[in-house]
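Both of the next two complexes hold subunit A, though its partner changes from subunit B to subunit C.
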Partner chain A sequence: MTGELPPGLALQKVDERIMTLNVGPQHPGSGHMRIIVQIDGDYIVACDPDPGYVHRGEEKMAEYRNYITNIPHLERPVIHDSCNVLYPYVLGVEELVGIEVPERAKYVRVIASELNRCIYTMYWLAIYGIFLGHSTMFMWPAGDRELLIDLMEKMTGARVTHAHFVPGGVRNDLPPNFEDVCLRQVNYFEKRIKEYSAVFYDNPILIARTKDTGILSREDAIRLGTTGSVLRASGVDYDLRKKEPYDVYEELDVHTNVMKEGDSYARSKVPWLDMMESCNIIRQALQKMPKSGSVRTKLKPNPKGKGLDSVYKRVESGRGSLGCYIVSDGKTEPYRLKMSVGSFRNLIALPYLLKGEKLGNMPSVYWSLNYWPVEADR
Partner chain B sequence: MSVIAPKFKLSEFIKSLLDNAFWAVLILSLIGIPAVFIVLFFIEMPVINGEILTPFLALTWIADPSRTLPIVKAFMATDIFRVMVFPGFGFAALLAAGTIFIERKMLAKLQLRVGPFYCGKFEGILQLMGDGLKLISKEIIIPAKADKPIFWAAPVLFVAAAAAFVALIPVAPGWVVADVDLGLLGVFAVIGFFPIITILSAWSANSKFPFIGGIRALFQMVSFEIPLILSLLGVVMLTGSLNLSEIAASQSSFPWIVFLPIGAIVFFITMLAELERIPFDLPEAESEIVAGWLTELSGMMYGLVQLGTYLKLYAFAALFVVLFLGGWNGPMVVPPFPAEILTEGIVMGPITAHIPGLPLFTQEMLNGTLWFVLKTVAVIFFILLPRGVFPRIRVDMLLNLGWTKLIGLAFVNIFIALGLLYAGVLGPGGLQ
Partner chain C sequence: MGTATGIIRALNSGIKHIAIKRFTLRYPEEKLKFVGDGYQFDPSTGVGIAGLKGRHMLFHDHCTGCQLCSIACEGVAEAIAMVKVPDQQKQNKKSIMPQIDYGKCVFCGLCVDACPFYALYMTNDYELSSFSKEGLIYTPAQLQVKPYVAQDSEIQITSRGATHG
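== the complex of A and B ==
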């Protein structure tokens, strides 16, 4: 063999000390993806995340369905956060079609999206717990999540995939007496998640394991384009609910949680603090919401965009900024739809964070990036 | 209601019972009884109470329970009973099974769940049996490139080593399978086998994740063996003996944990590491290396390793009890055996049965076993508890803990023991 081969086909020189591990796609610590890790002893030399195992072509599918029938399948990327995933699409379609949303519907949307953010974060936290070998932290959030799932079921009729947001408002009005039940459950939920600090966030072993591992500096976080809790854990105060308020977020007092450290511990703590903030927002929204009124502006059947037009809307989802770009050519279906998701943006940081880390830190650093494989693949 | 379960009919139920009984009687009378007689023809009959044991005599024991007791007692004096049933394998396996049940239910309560619930009608008490049947019925898959003889042998060796460990534990005065003078040294020798078996199993699987897990297990066990041995030296100094029965007997007034709390703590932590329990379950860290050195084991091979692990857990807890908590020593709570039964017999309705060999166990033995089991269960509880509270630690933290902190503390413990001896608090002329 000569050296004439193109670079991709040439045999790589392999150091005998280095072992290549395929972490995933069938591995308890990978999710629906593969991380190709090269280790030298216990140290990670190189890491190559390989997503794409759950690519379902949501964006292409959206081109064959009209604006209303797109709703149920566009929430599939993150079923636990389905309201937030749908939010930018619904906002975009409203602008394309040109309809106004009733005031009460806006508040209902905020409540639903904050509840969904908590539901998603609890699921994420449960998996973070089991990735660190803490089985109680797997069971507690998975159980306490049910409180909010019950609320969402009362509100929308479905436990997980709600399809509740429609262009023009929300599908149904709140059930009677929902405000009281919601306030009670949310208060209890907040009390419960505060107890997690004793068993998890103040746990000396957890702190020793995750402090100062996988440090993402402020500059790197901005340069790599990370969003959401990862960015806020690196000391950047960036939250779309505050920076680009949509619906009624500007009328609510939104407080963002920022930590300076940028390590795995901070990245795991910021979503937990965000959940408490979500509880505050829900309480405010329940207080300020108009007690009666319409929740949905009637659309004409098969709404159309107004000629050649495009719109880009983004919201703060559980995993960071989630944008939806819709191009319309005046037909009932979108000409092109593109989702820009926080998961994929955060995953970009993984190879930089894992380089030089120990193998034992891989699960904690990987999952602290607030990454959802299905959303990244779409 | 259910489609699968047919409707219950009493007549069919009775008919099925009669069918089964018919076949059982037929098979027994055509095959069983001739087989028993053929076997008995060739072996020499034992003599029990001056009578030659014949099948007819054996049949009379079924009718008269008082005649069964002498042979039961004779059997209990044999070594095979000690190895298989009481202080040995059967007793340990029973406690290990209880441990698994307690672990599941306790962890479930801690995590606001129910735990095993349906299997066995009452709180899922037969769940372990179901799991065992599942493991037995599963196919054993051997990796194509595995070193097959070693890969097959490793789980068996693991259980054998765990059983050897169990054999060294004295349960009650005089009740120990292997009463060795160098018992504690024997324990260290058996503990030294586990890393070898682990690395053999991991390496012979010829797979990456088991290999990493095996190396981790090797690191962990070897680096924690030193503080383990050092932490027990204090007890050996105070008692002047390596015989575990003597060590247990020496704590009749004070358990050694009163004088050597640091040694007990060090031993407890190293015990958790040797047992690969959370927070030291690095060799089986599932989010990093799948199941560690158990990854390629399937079916009953995995079941055997689990059996060995829980036997080891029982043995370590029992060792802690024997060395630090006073073994079988405790207040006498078992009432004495009423001697009237021997002299006057038991009134059973119209007849009065004189049962000559009735006290199968002495009062001391029953009392000792009771205290031993209570203490062991308490220690096992504290071994299980960290699983619900702590996350897993990392290799470098583990080695740092083992080589610096625990060894240092173990030396502090040795100096405390030396100080107690030279000050005359303990030892000849002292408290004990």
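== the complex of A and C ==
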């Protein structure tokens, strides 16, 4: 070949010992993303996560739709956690348009979002189990998740992607006799997830695989800007439900679960503890909820923002802080919508955690970050 | 706790499941029970009535052909098209009624919220599969038919675990 190759095509000089390995984007163990790993023997030298394969342009799409028709497509990034994904958007639009939410609707929202958090965490836990080759831990959460999906179906009319929250409250009232059914199934669900400790969390094989792998220290967790269960597993007591309570969370007794270790084991255990806390919150909310009353403030079909205005709201989702920044210029569509998601912030920690680890530990470290590829790409 | 004790505990926890009832729903033979008759909306109060968001049902005597459902769907799925009603059927002022393409519909139910005349509801029918794309397009005459949906099992929680009884 004559002449010089263009810079992009020129071969890079590499160390003979180092091999570059692409994990993904079609690998079942990575989700819709790629992790470029450089390995020396069995040890990871460097790692470069490469997200962006499922980018759908949610933020740009939102600029062409009005405040109501934005609802179905904005919950698509995480269909298992669709109520929580929609929560900051709905809170923001309420402030932009200037409407009050009935008291009962606030409690219904809290119940729906806590049920959704459990549904998401169960799905995440099932995949974490199968990543580690633990088939029982795949089957049990996938089956027990059905208890809560059934509740959401009764409540909202859809098993996933509920489109339940709207500015001004929720779409429909609870079905008759829902409180009893909810309490019964949530109690049984809590009993079931407690059984996971013997088969998974106290299992010496799991402990041997996940303990002391991918340690994220308290300082690094704060410096890298991680959120949610990753931050709480590193010993930082930070939960938006407690620090910046939205809707009725300040009237409920929210307990946060913090672990000091900061390794994969702690990161996988904190969401499980959070599920039990969610069950507590649901029980409290069912008890304190007003037994009757409206659940939706009437709103014009095509609401407008009040002139040039912007609002930023954030909630605690299953994957950490989830924020929504909306700019309005007084029209029926938002001028700009920005979603700041927990998944992307947690992914930033991955290169620091994998350095020096064995390649076999990569799935357990990667999935313990509570990362959802579709949400990170938006 | 030692390694051996831990493994025995884990195995024991699995063995206990032999006595627990099966939770799986045997789908085509038994079908889930839903609350109510599908998602409905009351325009006078502005609040919906809980129910499954399945296939739509159109009440021809209420529909005025105002196109509000079609406009509501514009930014969501563009599944609703207003079509001319054949002469032998019941007419409204504009003689147009919604036709829904279930290949595009996302079952969000915002069209039901938009209808001010109690003309469009959703039903419990969720088995909409078809061999052709044309089979998924439901004309106003097809949407008028109330579906029959078998509903026989519900989650039951007993001392021997949960089951779809």
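Criterion: the second predicted complex is superposed on the first by the 366 of 378 C-alpha atoms of A that agree within 3 Å, B and C clash if a C-alpha of one lies under 4 Å from a C-alpha of the other, contacts with A are read in each partner's own complex, and residues count from 1 in each chain.
In this section, a residue touches a chain if its C-beta (ideal position, glycine included) is under 8 Å from a C-beta of that chain, and two chains touch if they have at least 3 such contacts.
Everything numeric in this text was worked out from a predicted model, so none of it was measured.
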First, second, both or neither for A:Val199, with subunit B first and subunit C second: both
Contact breadth on subunit A, by residue count: subunit C or subunit B: C
Which of subunit B and subunit C A:Arg17 touches, first, second, both or neither: neither
Touching partner for A:Ala163 - first (subunit B), second (subunit C), both, neither: second
First (subunit B), second (subunit C), both or neither touched by A:Tyr64: second
First, second, both or neither for A:Lys291, with subunit B first and subunit C second: neither
Partner chain(s) touched by A:Thr136 [first = subunit B, second = subunit C, both, neither]: both
Subunit B versus subunit C as contact partner of A:Lys300, first or second or both or neither: neither
Shared subunit A surface residues [contacts with subunit B and with subunit C]: 136, 143, 199-200, 203, 205
Subunit B contact footprint on subunit A (complex, rising order): 19, 21, 27-29, 42, 129-140, 143, 199-200, 203, 205-206, 208-209, 358-363
Subunit A contact footprint on subunit B (complex, rising order): 107, 110-113, 208-209, 212, 278-279, 281-282, 285-290, 387-397
Of subunit C, residues touching subunit A in the complex: 1-3, 6-7, 9-10, 12-14, 23-24, 32, 34-36, 38-39, 41, 45-53, 68, 72, 74-77, 106-110, 113-114, 122, 155, 157, 162
Contact footprint of subunit C on subunit A as seen in their complex: 64-66, 68-73, 136, 143, 146-147, 150, 153-158, 161, 163, 171-176, 178, 184-185, 188, 195, 198-200, 202-205, 207, 294-299, 301
